């Protein structure tokens, strides 16, 4: 058990005014923190990067340390859409559909060269990056990325989640973004 | 207090029972039927028959209605059942006649009824409890009880026979 | 019978005649011969049924496009394998591009079903008698057969592409 | 034209699906429910779609759709110089990319007529067998996951990490290895790599025995898999099955034995065969193959010959870097090879290796240019996935999922 | 009932409700930690020390996630589903004796919310309703995977309830009472029912797994087949309530198992301990408090067992599950009743002559 | 079907024994294995704080090397761009002017040199193709995840290794 108590950067307590028995902080921060530490991924794993995601879930890298080990294959329950692997044009609409089915707040991580930009598959059948279909929040390069890089991407999303307004969904910028992708 | 509770539950029972009949969605009907069973169980409790109340819930609400719902879900997948029942004139007449007959029977049955009041001297509040029920069932009503058991056995065997789908010749 | 390229070829020519089995050669240890589309099914059926040969395994099918060969632009390659004798052979059929019609092999090999669909998808081969000849890998709406040499490989929608220094 | 092939939007997709549903319609029965399994269903690994006609939980008919990650390998291969195709083959069966890499290299070597030294062949054998182990590891442990036992999967995943460590030491990548070059390996086995292989040989049998203990004789697992997705040897051969899936039906066809390549003739090993061709037999065959692979690695590791790790073929194999910096001749060869100006002869070759899933064949037609004129991959997954419908009809939904994972259909290989 | 007791009962019920919620919340954490440990991982460790705030993070996230009601769903039933599941799960802990009586001053307090004399039937009745939550939710989602999950849940729960009830009858024959309190009291010291009813316990245990939809019986929500089964379409706190209900059910079933077979709050040598104190009131209270701790220890042990099994075994197939229930467990349970009856007769024959 | 070779080994399923039929022994065995792991040392590496040892030949982030005098080695021959299967490398060449000898080793140098890290598949072919030992894939750096697509075009500012100060030598 001793090796469990090594130095780990825990989620920092949000900044607040602490006094004797008094701790106030912005409510948004707390919820942001909660969201950041409970990001349930929807692994949209089509190819090689999906295999590396398995390694990320495995004991050596253990994505559960970030509270993300419960893969929700149902888009309704997922918080981040991890698109891993080549998305062909045939698959593009499916990705969009999955994204539409997700409940807010939702984030999209494009993992690996294929999902981010098509990679070596500059061919007639492959979508050159999923940001043509859904808005992408974090890009993870690599083909496939090492699990460290996937975790990096996850931590980037955590940063996003921590600093995001609860009402992001209602903001005009966000609506405009969705509209630009033709998502209702 | 008991009396007001009784009236409360009685009216609730009636309301739920009516809703069973008039709900358009069969799933709602089933749910109201379950609620009806609950209120009836409440009546049992008012009568201090806790065993009956619990068994009523376990058997009817917990098992039989689950099966009802089960079947409804299978049938009702995506299809609209409402239109399937044709309400033509004949049906309306038949309904009126049947309802009228039922009403007559109820009135006739209730006309001469006298409400009995328990005699406080001989009243045993434990009469609805498990032990007493068991004793009565296994002594006074031994024969009917066993007959019912056999009946259930037969019906179970029958259900298994019907339910069993086997290729080859049928043996019944 | 020990199967060698010579005696198999001899057997086939004896059965089908010189005019239907031609251009036999051996590029990599696997005998390659050419036949016509009228004979292809009979040939494969014969190879399948013959007691001595027992060529009963369809390894793969591949289309090839030779835009420069006039009148025989499209080639279908069938590679067969006799597991019993560990003997492989390759059969080619050439058809013109404007008439890429071949009989289906699905009645002999179940494996041919998707291979033929793939060949249809990639090259536009029409297999008569195929139970369900629709595209398999690409989207149904696609209007061309992408493996034909005249079509470009690149995805035209790519935006970040800058001409590489030496070009390709 | 190509520009018209833009992304279909959702409506088009829907229309496409409707059309396909219409095709289903003639088989449609009022009492059946249609269930769309995939492509984002957890057990379909994100790519396969099956439209099932179900009677309760029993599958009456299925229409598979593939091509959700069609990447046009064969078209790309026609535009790339020979040495640049290796990264493509990596991504075909990504669970065992070294086998693909080396199968491709052997094909090109066959075309160019290069004989590679014994040591390079042995290194290749070690890497290919490691790849086979990692492929079978994934398949069998995913079978466990899909039947609900998640833990065994993570136990063997740790071992896979160790295999990746070896890859990393040999080629510098974990999954898409780009390992080896036309004419040999890109570098010799380092002492650390040798050490890692030795360690692996010592540790892995225990882990694998433990994994087998958790599942193999557990009645729940046996009940779930015996008789599920069974196929007879005749049908399997007609469908073109190869590899473990064919061997599970009782046919002992193995390319390594029938057409030995890369010194496989030197090693003692057996071909495990099953009898019924059901999911359990496939599982057992794969399990046993892992043991056989271990045996092969052990032999190759013990008898690793001395010598060069690449062929002496200056026209095709890059000269050592130090020479490139100093010698003019080496620099010219270097430029020629990198620019793809090697003198590939005209001709056509077919070469097949025993991939993780069966006979992985490469049919290469060369017109003497810098790129292959046509490179066709015989992808075992593509060939046998079409039997899936036949294997699941009559079974239950849960059976269909186990059958899929026991077939080990790798999407990259399926759709190419 | 005098007012002190009434207030006491009110507080007690609130406390028990709170405890079951707390345990359910932290069960999710322990599930993740135990899974991680079994799988050689460390599990959540970033939210709070050792990840202890993980459940709060999950809850916070779920609360503020978008509520989603599918367009074609039956809205009312869709909302009703998780509500029923949660309500029913929370109701069932009312009749479980978590401890013996505590004597404070003049009054003695029973550590049980309601001591009805049909306690075990009450639990049965309530648990049998739990399936409605799943069925209604699954049906209302208007999703075929959900529907399949709901149907599986219904048939599974009904089938295993039978075997569960039958296995219980043997215990009731031994105790002669339906009250959990009486059953608990009879198992003083080390005189636990498990020694007389090993087979019955085994059957009950298996059925408990089935009733709580845990692996190897987690067919209604089996991820690999049905994505999420009945809760596929649920997001936000409605999903949270389903998950909560599952863990509360585990808690309750563990408590029932400890009460029925493992002597509830009884522990070996408790009488010796009680007699070691001069003051009987103090002795009673000490034993009671230790008893409460023992009870919870047993419950936690069972919860651990549930999780341990989940991360070890593959799951059954639908028909195999039915076969196991109807062809094996029910005959075994009937056999167990016969054996127990015979045993009781023999015992009486030898003791009473 | 009769066997094709004499090297087959039948592994087909055996009948279940009585104890296997009873479920419980195998379940107990499985539980035993998992509980053994429960108390085992954990294999997890706490990633952001600890990093896993990577091999020396790991193909990580690119770097454009300088020679021992601090001059850039790249001569913009373009071999890497040709060798790249993902077409991720672009460059423009320029003539070295007088007085820039300490900056560029050869007479030609890369005015711009961009690697699109999103497209890059880290196959190492560019490193292999380079005749001047200029581009390397470092084993100790990984391309990090970022928010914007534009940030992944690595120009010379991020690729060229920083000048070593003489003091550290």
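Read from first to last, the chains carry the letters A, B, C, D, E and F; within each, the first residue is number 1.
By our rule, a contact is a pair of C-beta atoms (placed from the backbone, for glycine too) under 8 Å apart; a residue touches a chain by one contact, two chains touch by 3 or more.
Owing to the predicted nature of the structure, the values given are computational and were not obtained by experimental measurement.
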{"item": "From subunit D, the most remote chain by mean C-alpha position", "value": "B"}
{"item": "Pair joined by the larger number of C-beta contacts - D-F, C-D", "value": "D-F"}
{"item": "Longest centre-to-centre distance from subunit F, chain (CA-based)", "value": "B"}
{"item": "Mean-CA-position distance for subunit B and subunit A (Å)", "value": "53"}
{"item": "Whole-Å separation of chain centres (CA-atom averages), subunit C against subunit E", "value": "64"}
{"item": "Centre-of-Cα separation between subunit F and subunit A, whole angstrom", "value": "22"}
{"item": "Cα-centroid distance, subunit D relative to subunit E, in whole angstrom", "value": "46"}
{"item": "Touching two or more other chains - residues of subunit E", "value": "35, 38-42, 45, 144, 223, 227, 311-313"}
{"item": "Multi-partner residues of subunit F (at least 2 other chains)", "value": "4, 27, 30, 33-34, 37, 41-44, 46, 82, 85, 87, 116, 119, 121-123"}
{"item": "Per-residue multi-chain contacts in subunit C, two or more chains", "value": "83, 86, 137-139, 146, 151-155, 157, 160-161, 168"}
{"item": "Subunit D residues touching subunit C - in the complex, by the definition given at the top", "value": "1-6, 8, 12, 16, 19, 23, 66-67, 70, 72, 74-76, 78-79, 110-111, 235, 237-240, 251, 253, 258-259, 347-352, 359, 361, 363, 365, 373-374, 376, 378, 382-383, 385-387, 415-416"}
{"item": "Partner subunit D, residues of subunit A touching it in the complex", "value": "43-48, 50-52, 54-55, 57-60, 71, 73, 75, 85-94, 96-98, 120-127, 132-133, 143-144, 146, 182"}
{"item": "Residue ranges of subunit F in contact with subunit E within the complex", "value": "27, 30-31, 33-35, 37-38, 40-44, 46"}
{"item": "Subunit D partner contacts - residues on subunit C that touch it in the complex", "value": "27-28, 30, 32, 56-60, 62, 64-65, 77, 79, 83, 86, 88, 90, 109-111, 113-115, 118, 122, 132, 135-144, 146-147, 149, 151-157, 168"}
{"item": "Contact set on subunit D toward subunit E in their complex", "value": "33-36, 41-43, 57, 144-151, 154-155, 158, 214-215, 218, 220-221, 223-224, 396-399, 401"}
